[in-house]
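These notes concern the structure reproduced below.
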Amino acid sequence: MSVSRTTLTALLHGADQPGLVARVAGWIFERGGNILHADQHRDMEAGIFFQRIEWEPGQHPSGLKATDDSGATAFTSFAASLGMKARVLSSTHRTRLAIFVSKADHCFHDLILRWKSGDLAAEIVAVVGNHTDLASAAAGYGLPFHHIPVTPDAKATAEARQLALLRDTGAELVVLARYMQVLSQEFLESFGAPVINIHHSFLPAFAGGRPYHQAHTRGVKLIGATAHYATRDLDEGPIIHQDVVRVTHRHEVDDLVRLGRDLERVVLAQAVRWHLAGRVLAYGNKTVVFD
Amino acid sequence: MSVSRTTLTALLHGADQPGLVARVAGWIFERGGNILHADQHRDMEAGIFFQRIEWEPGQHPSGLKATDDSGATAFTSFAASLGMKARVLSSTHRTRLAIFVSKADHCFHDLILRWKSGDLAAEIVAVVGNHTDLASAAAGYGLPFHHIPVTPDAKATAEARQLALLRDTGAELVVLARYMQVLSQEFLESFGAPVINIHHSFLPAFAGGRPYHQAHTRGVKLIGATAHYATRDLDEGPIIHQDVVRVTHRHEVDDLVRLGRDLERVVLAQAVRWHLAGRVLAYGNKTVVFD
Amino acid sequence: MSVSRTTLTALLHGADQPGLVARVAGWIFERGGNILHADQHRDMEAGIFFQRIEWEPGQHPSGLKATDDSGATAFTSFAASLGMKARVLSSTHRTRLAIFVSKADHCFHDLILRWKSGDLAAEIVAVVGNHTDLASAAAGYGLPFHHIPVTPDAKATAEARQLALLRDTGAELVVLARYMQVLSQEFLESFGAPVINIHHSFLPAFAGGRPYHQAHTRGVKLIGATAHYATRDLDEGPIIHQDVVRVTHRHEVDDLVRLGRDLERVVLAQAVRWHLAGRVLAYGNKTVVFD
Amino acid sequence: MSVSRTTLTALLHGADQPGLVARVAGWIFERGGNILHADQHRDMEAGIFFQRIEWEPGQHPSGLKATDDSGATAFTSFAASLGMKARVLSSTHRTRLAIFVSKADHCFHDLILRWKSGDLAAEIVAVVGNHTDLASAAAGYGLPFHHIPVTPDAKATAEARQLALLRDTGAELVVLARYMQVLSQEFLESFGAPVINIHHSFLPAFAGGRPYHQAHTRGVKLIGATAHYATRDLDEGPIIHQDVVRVTHRHEVDDLVRLGRDLERVVLAQAVRWHLAGRVLAYGNKTVVFD
């Protein structure tokens, strides 16, 4: 009869072994927790077990709900005792999110409008642009905009400034909302937290630059968009979400760009939403999406 | 290291209560079983818990795998002790399936070709037609065809013959593959097992007769098909699966009929496949589909 | 080699007769025009011919391109001589558009962002709200917002104010961007120009109020949105565009509302875009969409 | 008031020039013909004009409808006088079709069932298999099956036998219904008529062998199928039709294969249907599909 619906969600994975589902459920049950959702997956070839489990924690001996760090820590330790890695999120947590942009504004507006309507469990700590085109739009939403120009000669300097900003703001996730620069491996390693990118093609088709031009040249009948985690190999990271839309011979490149904007917005937003809700587990070059 | 992958799958539902996930998992684990998949759902408004759980049973004291009736019976009793209703399927079971047809052959051929390619875990025990149009097609596949004509005056007689045939063949499921007759409430109650129908519209739009004509008259831009369990209220039964396809002002009724055939085939086959795999749980007027 | 790509687009329809395609093409050719696109449709049952034709007009005797009113007037007269009704648009024309809103902002922001990116050939002459929720958003875009409250007792008064505003601003199209009020027949007749509405269901399923609640109760597996011209019969007007998105038993009403927002935005924007580009011809209770 | 609805359909293309639409329509009109459909497209970059036009020919001086070769020949000459290439089909023509198969039967059954239901304007003149797996299925449909084994050492011999068969049967179109052999450039040139292939991926992603394995390895969230004209460059020919279906981390390669079968069937059938109806115009490495 608790009024509070504060929950913990764990994403765990590790070598498969008999009894994992029962042990995890038993651990939560013994501590008075109530499992609301549990979903698991086995990669039979790789012998890996994946689980997303969400529960209402029971009463602490202290009389407080164990939704604070202690509950998450305890579960993580338990998972480790099973040889599993776990990430635990509280439903009260707002992920600290930095958005990188260039000149295109459609994904930016889309993310912000969803965030304003309460769809994204995040706190937007910075908007970073290598151009100033979106500075006033960010200001209009009351968001801090940081102009960090990126030139071929001074890319390392720019990335150092970006990293300092991410550190200062405590960013836990970077979303590249049509940010037209490649992040270096050094950047990704230094940041150490996930980066989600939207590529404007149905990967692996048309990787690299100007995918709508490539699609038009090849004469495909569908164009796509792909949201993926950024890795050192451009356009090769684990895919979170993809979708396509039908095109015909009547569509010029400009039409593909316009149609693609809707795709990019929806695909990126869905990927970010799933990530923030603790529904995406990346392993190797793939993702498990518990939707 | 078992070579055998024989599994049991339980579909259970009942009043929600804390600890259900843990108790079910614990029961299986204690008996040496290994859970392969488990998926659950809560209807928060109605306070009902639903679960589909699939496991490799452990060794019986007798030295035999408990995949026979004893394993299913034991789990059903356990579920009852929790106040839950359970249906348990063995992966070795082939559901005894009767297909009812009239004149249209597309859904019939489609089901049979999928069945021949091993996609449907069923044994086809009878093809029943109120017309003889598909008699030779059934014969071509080596399937027993039964012609039971249905006239307005002698519908009760026809249904009695159908019921006798279903009883004799031990049918556990009837699929209406564009069978153009309404089954009476008495028939459905006497049969006592599920009946899956395909309606050629996106229900609840265009219930009743000649849905493609209705769709054409209304000028809709998408047409649909709906697979549902047959109930006493025609076109009102729990929906298992639906899909749509885009149409334009250029499509005449004949085009809608043609486009709809592809939809009907795919939607009906998917619904039947899910049902046979123990993935559909009907309650009230809805379904939970564990896909 | 003309640098200018100014074109005229005609939408015409009337009783079918032999030779219409040739006569229309001949008329344009004889006047030095160059046909860029031509698309036609015949409703065989009703015996009606529909055509959308776009051409670059030839040089006027005056030395000016006949893209002004004279070109449109001449074609309209020619069409009348064939017994056809024609509407002619110049590619330089910006349709004067009024947007009606209530509290929901997603369709509003979506339309404005598309308009700002140049996707909609319109001039936005007024934003009209029966609530003030979107006043500041409109101001942020630099658009005139008019608060005209609507109460059951004073609906006629409110509509009179709306009509006066539409007259003063020269509005040629009204878009109801989740405007939660029914427009009276008197309003529609007095306005005399098209009104496009977005209904948050796959019509004719779930007409009337609270369609997502209705969809949830019925247990459908797809939800939809429908853009249509408003007529005196609520939810019965000619359908311009529809789309659907898949849902499951896991989706509560709130989820349907959230998923529906994306559908509503895209479906409404597409319908408005087609209308503004002279691609929609309504007749009877249907539309011909030349896409 | 003609009872007959025999029509001619021309596909024409060539260098764009002013007045083409009017001249073609005028030519038909002057000969008493009535245009039923006309659709055109301009490739602005390449400066090419494409048109599909369907008309009811007028009375011949001889008193016969000019739907015979004379009508087609006359139009082809007229098109040549405009510098255009034309292909003219009579609605009474049944294209002579040869189907090549290997072991997989789903595309084969699907094409035949559509053909039997009257959806394909073709006469099936031969079923050619490099294996005998589908011999009895072909016999069941009353179709002539030819077993022409293909070995790496004797591929040229096999192709010579295939070409002789195509010549003897007067085949005008070859459909590769999951025929798992690459046709040599020599074969394609000698045959000199179109060959339609179905590739089981969303080209250009996963060209080459075992595309479902490639898709599984890459972790894509959609799989596709592509129907294209076969050219000397394997998987590089002009694309006629493509579609995709959603997959998740739960789908093993076997599931992709199963889901892909439905895609392949529908995509191939649609491409063949469009080709037979004179709706596809290939140029360079693209197609114009007048649907």
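In order of appearance the chains are A, B, C and D, and numbering begins at 1 in each one.
FYI, contacts are C-beta pairs under 8 Å (C-beta built on N, C-alpha and C of every residue); 3 or more make two chains touch, one makes a residue touch a chain.
Nothing here was measured: the structure is a model prediction, and the numbers come from that model.
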item	value
Graph separation of subunit A and subunit C (steps between touching chains)	1
Centroid-based (C-alpha) most distant chain relative to subunit A	D
Interchain centroid distance [CA atoms averaged], subunit B/subunit D, Å	37
Distance between the centres, which are taken as Cα means, of subunit C and subunit B, whole angstrom	43
Where subunit D touches two or more other chains, by residue	none
Residue ranges of subunit C in contact with subunit A within the complex	105-106, 109, 113, 117, 119, 140, 258, 261-262, 266
Subunit B to subunit A touching residues, read off their complex	18-23, 25-26, 28-29, 34-40, 42
Residue ranges of subunit D in contact with subunit A within the complex	41, 43-44, 202-206, 218-222, 224, 238-244, 248-250, 252, 285-289, 291
